[in-house]
Every structure is written in structure tokens, then in C-alpha cells.
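You will see two complexes here that share chain A, one where it goes with chain B and one where it goes with chain C.
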Partner chain A sequence: MKNIKYTAKIKRYNPEKKESYWQDFEVEVEDTLTVLELLMYIKDKIDSTLTFRSFCRSAICGSCAMLINGRSGLACKIQAKDKIRNGVVKIEPLQHLPVIKDLVVDIDPAIEKLKKVKPYLEPDPKKVPDNLKSESLVSPEEFAMYDKQTDCILCMACYGQCNALEGDAKYLGPLQLTKAFRFIMDSRDGMDVEERINLVENSGIYECVQCQMCLAACPKDIKPAEDILGLRRIAKDVGKDNSATRRAKFWFQTVYETGQIDKYNLPVASLEEDGEVIKENMEKEFKERGLKEENFGPQPFDGIQDLQNFIKKVQKEVK
Partner chain B sequence: MKVDVLIIGAGGAGLYAALSAAKETKGLNVAVMSKIYPTRSHTGAAQGGINAALANVDPSDNESAHTFDTIKGSDYLADQKAVKYMCYEAPRIVREMEHMGVPFSRINNGKIAQRPFGGASKDRTCYSADKMGHVMLHTLYEQCLKNEVNFLNEWFFLNIAHDGERVQGVSAINIATGETQFIKAKSVILATGGHSRMYWGYTSNALGCTGDGTAAALRAGVPLKDMEFLQFHPTGLRKSAILVTEAARGEGGHLKNNLGERFMSKYAPSKMELGPRDLVSRSIMQEIREGRGFKDEEGREFVHLDLTHLGAKKIKERLPQIRELAIDFEGIDPIETPIPIKPTAHYAMGGIDTNLKCETNIEGLYAAGESQCVSVHGSNRLGGNSLLDIVVFGHVAGLEAVRYAEGVDFAKGGEEILQKDKKMIEELMNRESKETLGDLRDELGEIMFRHFGVFKNEKEMKEGYAKLKNLIERANKNLGVEDKSKVFNLDLQSTLEFFNLLELADVLAYTSLERKESRGSFYRDDYETRDDENFLYHSMVTKNSDGSFNYEKGKVDISMYEPAERVY
Partner chain C sequence: MKKIGIYPGCCFQGADEHNYEITIRFLENMGVDGILLERAACCGGGVIDESNKLVVYGLNARNIALAEKEGVDLYTPCNTCYMIIAKTKLALDSNPDLKEQVNKILADEGLEYKGEAKIYHTLNLLRDFIGMDNYKKALKREISGVKVAPYYGCHVLAPNEVAVDDPDNPTLLKEILEPLGVEVIDEYQNQNTCCGYHATYTDNAQKERLAIKPLDGAKEAGADIVATPCPLCHKAMDGKEEPILQVTQLINVACGMTPEETAINLNKTEVKLSI
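Now for the complex of A and B:
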């Protein structure tokens, strides 16, 4: 252990003056401090008005998520010395949520979105006993389907890092969709899967841009982006007919039949009438390039049978 | 503001009380007030599991064995009928939570998995890897959303108003606005958690485990029971004192001294590492005292919790959070390296005196969870019994509070406590700080750990009590709030929490000096044995208006098992 000197550059907000500003704190502290301990040090020794939430200090309560050098994370879990860049550690409140004071944000909007996915078990009477003499039976394999997702501590780190929220404030958010996925995968849940999908279909699962930022942000190594892909798969399986499921079906069908993606016919297959414009533009471009009409879409080739056999084999194994 | 049933605290006890109350009531308004967002509550940090004699793993287990283990673990200070009630309720309530969606780990036949735990004669602890409290807390919160329970999140509870007989309501600060308000209530449940933060730098507890409800109860004239009993968990991380679950030993972890010996063979030859917590903590401290511990550069002394022989697969599957904590907070991977650990102040057995119905001496005022003392843990709690205690008695408190509220109107008055609270806050805000909260808090932790730690004696406790009295005096004179703002003034909140800790430390020190014996978690070098003839009683303390204490001896229910020597 040794002492090191650096600057903690903290974005502050004074709600009484409605004023936001950066403040630099020069510190000389032990090199073993977490970012939370650094903030506590500043509050104890330099400026007791500095405001941030903290509670368990062991990465289980989720109070202290914030932006550290532009990345969301739990202040209690991150070593301050690992984040020093040119002598500075930069600390800001989480993004996409209203700031209340300094590093404290209002998480209620995200909780209101969470409520929309009905984030609770609706017990399936076939699986969950109606008396307290016995428990539901859940095989270790069934349990494994949602075990990881139950690690979520609602810290909002993923929410603060989500690119889809950047463009669309109505988008539900990563943790909300992971929660939806968790209950669909729970063998004890009795709510119709289609009904659960309806709750998320129009406000999230297709808007996710799969940037995977939520994976990096999650202090519990949950993978919301993967759960969102799972939700899309389930939407397709329950027969949801929308641009995304049509796209997925058509994509698979042409790959199976020709070994390639049929980009020419994909817009119409997916977006129906709205896809005609895209198709026309492509036609124009292809013609300008001198492409023959029969080559606009992909053609089957010799040996496609091998690919189809391979796909069938994989499908069988997955089942 | 008016609420029919007001629950203070949103941990396992508070949320279970809210759920039971919401389901039981025919139209009463039920609200939960919490100084933090509900899922931040310290219940979430409980790792190892919850005890219930489901007999899924060991078919020979039953409620009676659970009852006896708990009574023996308590060193015969628990009230035996209360323990019996809790243990017989256990299977029912664990299944109820399972039906609510708690993701328990499973055994191959699909039933809830159970593991061995300290002080238990059978494999009885139901678990979800090593994050039982977390999944329970989140499931209960989900159920509260489902049942549309009202939440007053980020409100800091101050005081209880009563007219000498009945509760009238409470005062609290709305943290978001800084306004101090009176909330009228027909019944109030205190589910505010423990107070181990008085051991500031030497505790596994969250920063907010400051006994706010227990201190308010003391100020309102409710007796506090058995406050001298505060449990040290054997395995806190060396640097941060963060908890390493007993499940680490339940899954086969070994405690080793600097000679590489599994030293528990000397202290608990039959149960070894799975002796009860009080015994294991003392054994570790004894090894360190006799020079067989390790010492790091900073002078911190510790022993090893060795999991390396368990193998990567078992550690990743059963103890994933422990591995994460060791990596994040000690910089070592327990798959390869033993974890440096030392005992850490962990759990308050003592608290607000209630009967089996969670009633206090004030009509309409209830307590549940760690802030409550029924007593089911006596002088030493067994691992896996606290998650059980909070839901069993949270449930009882919720039902009783609704039944009471349904039969009465709001009590008149109570608003006048606001004047006193506002004046007290104003004084703190206007006072110029001559000492800092940070320094005083550290000092409190040092006093408590050095003088009221794992080993105690008359001389050290008296010295400590003098230091504590001096600290209290200085805090009352020298400590003010430097942040003068209204909105989200956590500086003010932390200061008020600190005063709560001081009030409770005073009681703990006082009752510790009165008890001239060793029992469970309470161990004195100068009185090394249990003395049933003179000390088999609950210490009951109320505070007089001049700050002095009334000390009474409460009867212990030993109607089922005659006190016997504890051997493990």
C-alpha cells in the first residue's frame, strides 16, 4: 500500500440553484481505495456537501451506480487507481435519468418502466401447489434457465449505458427486458407467454441495437442484450407476425434455400408495403451497375444439400 | 399525511409485513417508509440461506430438531415457545416464498436444495447459491409491486408519537425535499434492522444499519431487550470486514492458522468449522492472541479461510458471490488462494422488546426483524435463522397491525412532536462543527471494537464506557451539519444516524457491564462461564428523562428444555 496523488473530477448539480458544474478535488490517498471510498474520503475530509448514494459497499445493494470515466459501474466495486487517466478520475451521475443532486439520480422513471413488464411471478396452478404442504418441483436444468438473470440488483448501470435509450426515451431498457425474460423462462410462471411478449413487443425488443454496452456495464455479468435476442426468438416462436419476426423467418428461409441472404426481397418480406421503396431503390442501383434481373436475388448453388443437412442436424440437436 | 398501517423499513421484515398486511386488509391503506430504495435493504446482503426443516436432503430432520438446535445455539437465553413457533412456521413460510417466485437452488428431484450450516444438527439451510437474501428481497419487492403496496422511498424516520397508551404516528424527513413531516397512523411497525454499525470500521453491515427504529423506540419509552448481545461473524474480509458467508464452511471450507493447522479441532472437535458463530469467532481471536495468526503490512491480523481444495466447479456453482467479493475486495481468487478473514460485528440479537405477536408496550406499535427482540436468538443466533426470523415475524406483525388498525380510529394528536424534531434539526444545522462526523464515527468504532469486542472484561469495558461517555458529550457539543441545503441532505441524515448509534452504544455498554457471566456471543475473560443462577434473564432497559437507565430482569421461557452445557 502506498499513497498516490490524483484529481477527482466530479460533476455536481445544485438543485436549489438548478446549477450544474464540474469540481476538481485534489487528493493524496491510499492506492487501494474503491471509487466509493474515494467519494467517502472527499465527503469526510474535504467537502461534506458532496452527495452520492451508498449502502452495502459490497456490490449487492445497487445504490452507487454512476458514470466513471464515461462508463457506468458500481463505485464500490471499482478500484479508483485503475481509472486514473492523465492524473484524473472523472465521475458523473448515471445517464438517462433525471439528476436530483450531484451524483444522485431519480430512478423512479426506470422503475415505472419495470412495472410495465409485470415483473413478478404469476404462479402456474399446474406447477405451483395451492397449499403450503409442498413446493413446486423445478429441475436444476429448468432453474438454470433463469438463474443468472435473478442476479439483477436494479442498480441501473445498464440503463445508464444503453444506446437505444439515447434515441428513444420510451424504450423500456435492458434490465426491464432481462426481467421480462426471467419470468418467461421460469417454469413456474403461468402467464401466457404471448401475453408476456405483448408487454415488451412494442417498447423494446426490436429497438435494441445490440451494441452490447449493457454487458460491459453490468456489475453482475448479466447479459441483457442476449436476453433481448431470447425475447425476439420467443416472439417468433409464439407466432408474432411483425416486421422483425417476418424478417427473421425470411432470413432463415433464404439462407436455407440458397445459402445466402436475399437482401433484394428482404425489405418487402419484412416491411411489406413499406419495403417497396427500398426494393425500388435497390432495383435502380442494380440496373445502373448493369446487373441482370435474375441475379438481383441469390441463386441456389451446387452443394446446398450439405448446408441443409447441417442445418437440420443442428435443429435436431437444439431440440 | 395519513396512513392506516405504516411500516418503517423495507427489508425482508418490512416487505413481508407489508405483503401480509396488504393481503389481509379489507381496504386499509398500507404503506412502507424506507430511507433507501427498498431493494437496497441489507436483507439483500444475506448470503448463506434460510433454515427450514423441509427434510429434502436429510429425511430425518424435523421442526423439533430445528427448535432444539436454535435453543442450544442461543445458549438457553431464547424464549423457547417463541423458538418453537418460528421453527414450526419455517417450512410453511419457505414454501410460501417459493410459490411467490423465490429462485431457490434445487436438488435433482426438483425440490429445494439444503446445505449444512453452523450449529445445525442436520442439512437444513435452504439456499440460492450464496445470494439467498438478495433473491428473497427482490422477490418480496416484486410481490409488493404486484399487490400495489404504497412506498415512501427515501424518507428518513425520526420519532414515534404516542399519547402514553396508543401510537399516533411518526415524524420523518422527506429526503428529496428536506421537509420534516408528521404522518398519522393507526398502527406502526418498526422493521428498521440492526445497529452493528456502532462498530463502524469493524462490521459486515451496510453503512445505514444504524438502529434508527431501535433508538426511536428507546426515546419513546419502549424497553430494549438483551442489548449486550451482538454477534461477531467469524469470517469478515480482512480489509473491509465485508461478510464471507458461513456457507463457505458449510460447503467444506477450512479455517487455518499460520502453521497450516485446522485449529477448530481444538475448540469444536466434532463440529469443527461448523461450530456456532460465537465459538468460531472466539477460536479465531484466540489463535491470533496466541501468535498463530497472520499479519499484513498494515498490521491487520487475520487467519485463512481455505476453499482451494473445493475446486473451481463447486466454488463457481455454490459460492459465486464469495469468489466475486474476494476478487474485488481482497484481490485474490479463492480457487487458488486462501481468503484472509477476521471476525466482524454482524448481527444484533438484542433490540425492541416485543411479545410473540410483535406487540410493544405501546398499543398499535409493533416491531419485526433484526430491530425486534422476541427473543428467538437469545445470546447467539444460528446462521440461516435471521432470514427466517424476519419473514416469520414480519408476517405476524403485518397481520396484527392490520387487525388492530381495523378496529380503531386514528388517535388524536401527535403533531406536536414535529416542533421538537424541527428544533433539534435546526440546532444541528446551525451548530458550527468543531469535530468531523468522519473522525467521531471512526472513534466510536474503535471504542466499541477495542472495549466491547469478542473478548471483554470489567477493566476494559469501564475504560471504554468512560471514552464513550466522553465521545457522546463531544458529539452533543461539537458536531454540527456542514451541508446547509434542504434537498437530499445526506450529511444531515448521516449525523442523525450517528446520534442513534451513540444512544444505542450507551445501552450496549451499560448492559454489558451489568452481565457478569459469559453466554453465547457475550464473552468475558473475568467471568468465563455461564451463570444460570444469577444471569438467566433478559436485560430490559428503558431510559429516564435525565438520560439514566432503568434496568430490569425479564423472565426467560425455559418451559421445554432445561439449560444444559453447550458442547459441539
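Now for the complex of A and C:
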């Protein structure tokens, strides 16, 4: 253990003046501090007005998520010294949530969105007995499908760095969608799968840009982006017909036929009429560039049957 | 001459076929022999998962195995292909059972996933495969008088396990741009906002709302051009007021090629370089 010197650059917000500003705190502290302990040190020794939220100090209550060097995470789980870049640790509140003061954000809007996915079990009477004498059994294989997701501590780290929310504030959010996925996968849940999909279909699953930031953010190794792909898969399987399910079917089909996605015909396949304009523009562009018509889309490579047999076998045999 | 396997993703296809030219000429300029992995298939693009995730693992195990058969590492300029293939490699290397199941099927084509080939993207290729000193030696002229804002795109920095540089403070793109003689605008608003490409065919309005943000941020900070390593980011963001190019296009120019020879004339938003 030794003392180290660095700058904590903290984004502050004064609610009375409705004013946000950066403030630098020069510290000389032990190198074993977590970011949360660093904040506590500053509050204790330098500026008692610095405001942040914390409780458990052991990555379980979910209170202390913030942006550290622009990346979302739990202040109590991250070592401050690992985050020093050019002598500075940069700390800001989560994005996409109203800031109350300094590093404290109001999580209510995200909780309201969470309610929309009905984040609770609607017990299936066939699976869940209505008395306390018998048990409702879940096999380990079944549980493995959503085990990780049940670890969510609602810290909002994923939400605070989600790019889909950057584009549309109405987007449900990564943790909300992971929760929706988790209840669909739960065999004890009695709600109709299609009904659960309806809850997320129009305010979430297709606006996600698959940026993977939620995977990078989550302190519990939950992978919301992958669960969102799972939701899209389920939407397709229950027969939803929309741009994304059409895209998924077309994509698989053309990769099977040629080895590549046919991006020339994809817009029409997925967006239907709206895609016609895109296709016409592409056609114009291709012709201007003197591209041969057979090169507008992909051509199967020699021996494409090998790939097709491979895909068929993977679908059948790999578990 | 050092050899590398070029993985052909959809960014080499149709309207984007010039991306293959850019890539192969870039490798030539760096003194690397690029071998096209002709029988490689789509990485899945994050869409095949919506049908079957195991197929994604299978396809990319096969893609890597094709490189391994040639005795080369695998290189793709595309951020997304890189991320998905690198993620597959991690999954296969940490799950011997999955690897064995896939290898049983790959044997039909005389292929085997061994886990030996490294997965490269332009950024780590320059640092780890070509070497920054060799890179600098290969440059023939300076592109001066132009302010360039580096734009990484998401999939080379997240998820953390496949990041090519420190996600907290990436500097690689800056280190690649500086030797070109350009002035690097290192910080700007929304520099980490996603380009939105993957919403193009599901929710194009969402893509448009995102694509403009880093461009506007760069413009406000005084950048003349945004430079990205990723052909998909380039595709999503080209056509707005602020021009965007691929970093390999700038490198090719600094290696003596004309803008036309590296497809800069095909940009929707015009780019003027003083060389």
C-alpha cells in the first residue's frame, strides 16, 4: 500500500442554479481506494457538498453506478488506480436519466419503463401449485437459460450508456428488455409468450443498435444485447411480421444460398415499400459506377453445397 | 513477405466492392500479402443470432478454420465482423465441448478449428502485426493542413474482452493518424456515440438520429474530416455535411496513391485533401 497523487475530475450539478460544471480535485490517497472510497475521501476531506449515492459498498445494492472515464460501472467495484489516465480519473453521472445533484440521478423514469414489461411471474397453474405443500420445480437446464439474468441489481449502468436511448429517449432500455427475456424463458410463467412480446415489440427490441455497451457496462456479466437478439428470435418464432423478422429470415436464407447477405435485395425484403426507394438508388449508383448486374448482390462461391451441409448439420447436431 | 487472410464480409459487396480494393491496396502498401478467404461466409452480422446462435458460432469457427488451413491469421477491416469473430473465438477456446462438436462437422470439408489463428482488425493489425515503426516507414508523403477527428466505432472497444485498445482512453487511432501529417482533433462531443448502422434495415430513423451526432460534434470541434477504421460506420455516416473517410483510405493516400485510386471520389460528401 502506498500513497499516489492524481486528479479526480468530477462533473457536478447544482440544482438550485440548474448549472453543471467540471471540478478538479487534486488528491493524494492510498492506492487501494475504490472510486467510491475516493468520492468519500473527497466529501470528507475536501468538499462536503459533493453528492453521490451509495449503500452496500460491495456491488450488490446497485446504488453507485456512474460513468468513470466515460464508461458505466459501479464506483464501489472499480479500483480508482486502475482508472487513472494521464493523471486523471473522470467521473460523471449516468446518462439518459435526470440528474438530481452531482452524481445522483433520478432512476424513476427507468423504473416506470421496467413496469411496462411486467417484470414479475404470472404463475402458470399447471407448473406452480396453489398450495404450500408441493413445490414448483425448475430443472437446472431450464434455470441455466435465465440464471445470469436473475442477478440483475437494477444499478442502471447499462441504461446509463445505452446508444439506443441516445437516439430515442422512449426506448425501453437494456435491463428492461433483459428482464422481459428472463420471464419468457421461465417455464413457470403463465403469460402467453406473444403477449409478453407485445409488451416490448414497439418500444424496444428493434431500435437497439447492438453496440454492446450494455455488455461492457454490466457489473454482473449480464448480456442485455444478446437477450435482445433472443427476444427478436422469439418474436420471429411466434409469427411476428415486421421489418426485423423479415430481415432475419432473408438474411439466413441468402447466407444459406450464397454464403453472404444479399444487401441489394435486403431493403425491399425487410422494409417492403419503403425499401424500394433504397433499392432504386442503389441500382442507379451501381449503373453509374459501371458495375455488372451479377455483382449487385452476392454470387455463391464454388462449393457452396459444403457450406449448406455445414449449416444444416450445425442446426441439427450442435447443442 | 508476411501473409494474412482477408475475411470478406458484406462490406466488400455490391456498392461497397471498393472496400475490398481499399483493403488489398492498404495491405500492399504495408508490404503484406493478403490472401482472400474465398469460401468464407457471413459472420452473421448480429442477425443470424435471431435465427440460431449456434449457427453463428459454427460459421465463424469455419471462417477461422479457413484461415488456419492457409496457415495465416485472419484480418477484417469491419468492426462488427471483427467483434463477432473474436467473440466466437473466445467462446470456442473456452468451451472444448462446443469446439469438438463443431470440429466434427468441419471435418467433412477437411477443415479444423485449432484456435491458432489470431483475429485482426485494421487497428491492432497496424500495432501488432505490421508494427508501428514499419507502418511509419511505409508512408511516403504527408497529408497536411487538414484537421481529422478519430471515430473508433463501437465494436473495437466493446465488449471489453475483444477491445483492441484501452476502452477508457483509446489512443491507437490517434497514433495511426498523426504520422500521416494531419492535425488530430482528439476530443469532441459524442465521439463515442454509435453510428447506428445496425438499425438501418429495422428502424432507419433511429440510425439517422445517431449517425449525425458524432459528425456534428466533430464539426463543432473544428474537424475537416472524421476518420473511422470501420466500413460500416463509414457507410452509415457518409452523406451528411461533415465528411467521413476510412483511415485506410488516408493511409493509402499517404503511401502515394491518388484519392481516386482509393475510392475517395466515391464519397457522398466530397473530401478535399491537399497533397
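In this section, the second predicted complex is superposed on the first by the 300 of 319 C-alpha atoms of A that agree within 3 Å, B and C clash if a C-alpha of one lies under 4 Å from a C-alpha of the other, contacts with A are read in each partner's own complex, and residues count from 1 in each chain.
One rule holds in what follows: a residue touches a chain if its C-beta (ideal position, glycine included) is under 8 Å from a C-beta of that chain, and two chains touch if they have at least 3 such contacts.
Quick caveat: nothing in here was measured; it's all calculated off a predicted structure.
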item	value
Partner chain in contact with A:85 - chain B first, chain C second, else both or neither	second
First, second, both or neither for A:138, with chain B first and chain C second	first
Which superposed partner A:112 touches (first chain B, second chain C, both, neither)	neither
A:213 touches, of chain B and chain C: first, second, both or neither?	second
Chain B versus chain C as contact partner of A:241, first or second or both or neither	neither
Partner chain in contact with A:24 - chain B first, chain C second, else both or neither	neither
First (chain B), second (chain C), both or neither touched by A:60	first
Interface residues of chain A shared between complexes with chain B and chain C	none
Sites on chain B touched by chain A in the complex	36-37, 39-42, 44-45, 54, 91-92, 94-96, 98-101, 103-112, 128-129, 131, 134-135, 138-139, 142-143, 145-146, 176, 206-208, 239-240, 242-243, 297-298, 321, 324-325, 328-329, 436-439, 482-483, 485-491
Residues on chain A engaged by chain C in the complex (per definition of touch)	68-71, 83, 85-86, 163-164, 166-168, 206-213, 215-216, 226, 229, 232-233, 236, 243-245, 247-249, 251-252, 255, 259-261, 263-264, 266-267, 270-271, 274-275, 282, 285-286, 289, 291, 295-298, 301-303, 306-307, 309-311, 313-315, 317-319
Contact set on chain C toward chain A in their complex	8, 10, 13-17, 38-42, 44-55, 57-59, 62, 83, 98, 101-102, 104-106, 108-109, 154-155, 157-160, 166-169, 190, 192-194, 196-199, 201-204, 206-207, 209-210, 213, 266
Of chain A, residues touching chain B in the complex	1, 14-16, 32, 40, 43-45, 48-49, 51-63, 77, 100-101, 104, 107, 115, 118-121, 123, 128-129, 132-140, 143, 146-147, 150-154, 183, 186, 188-189
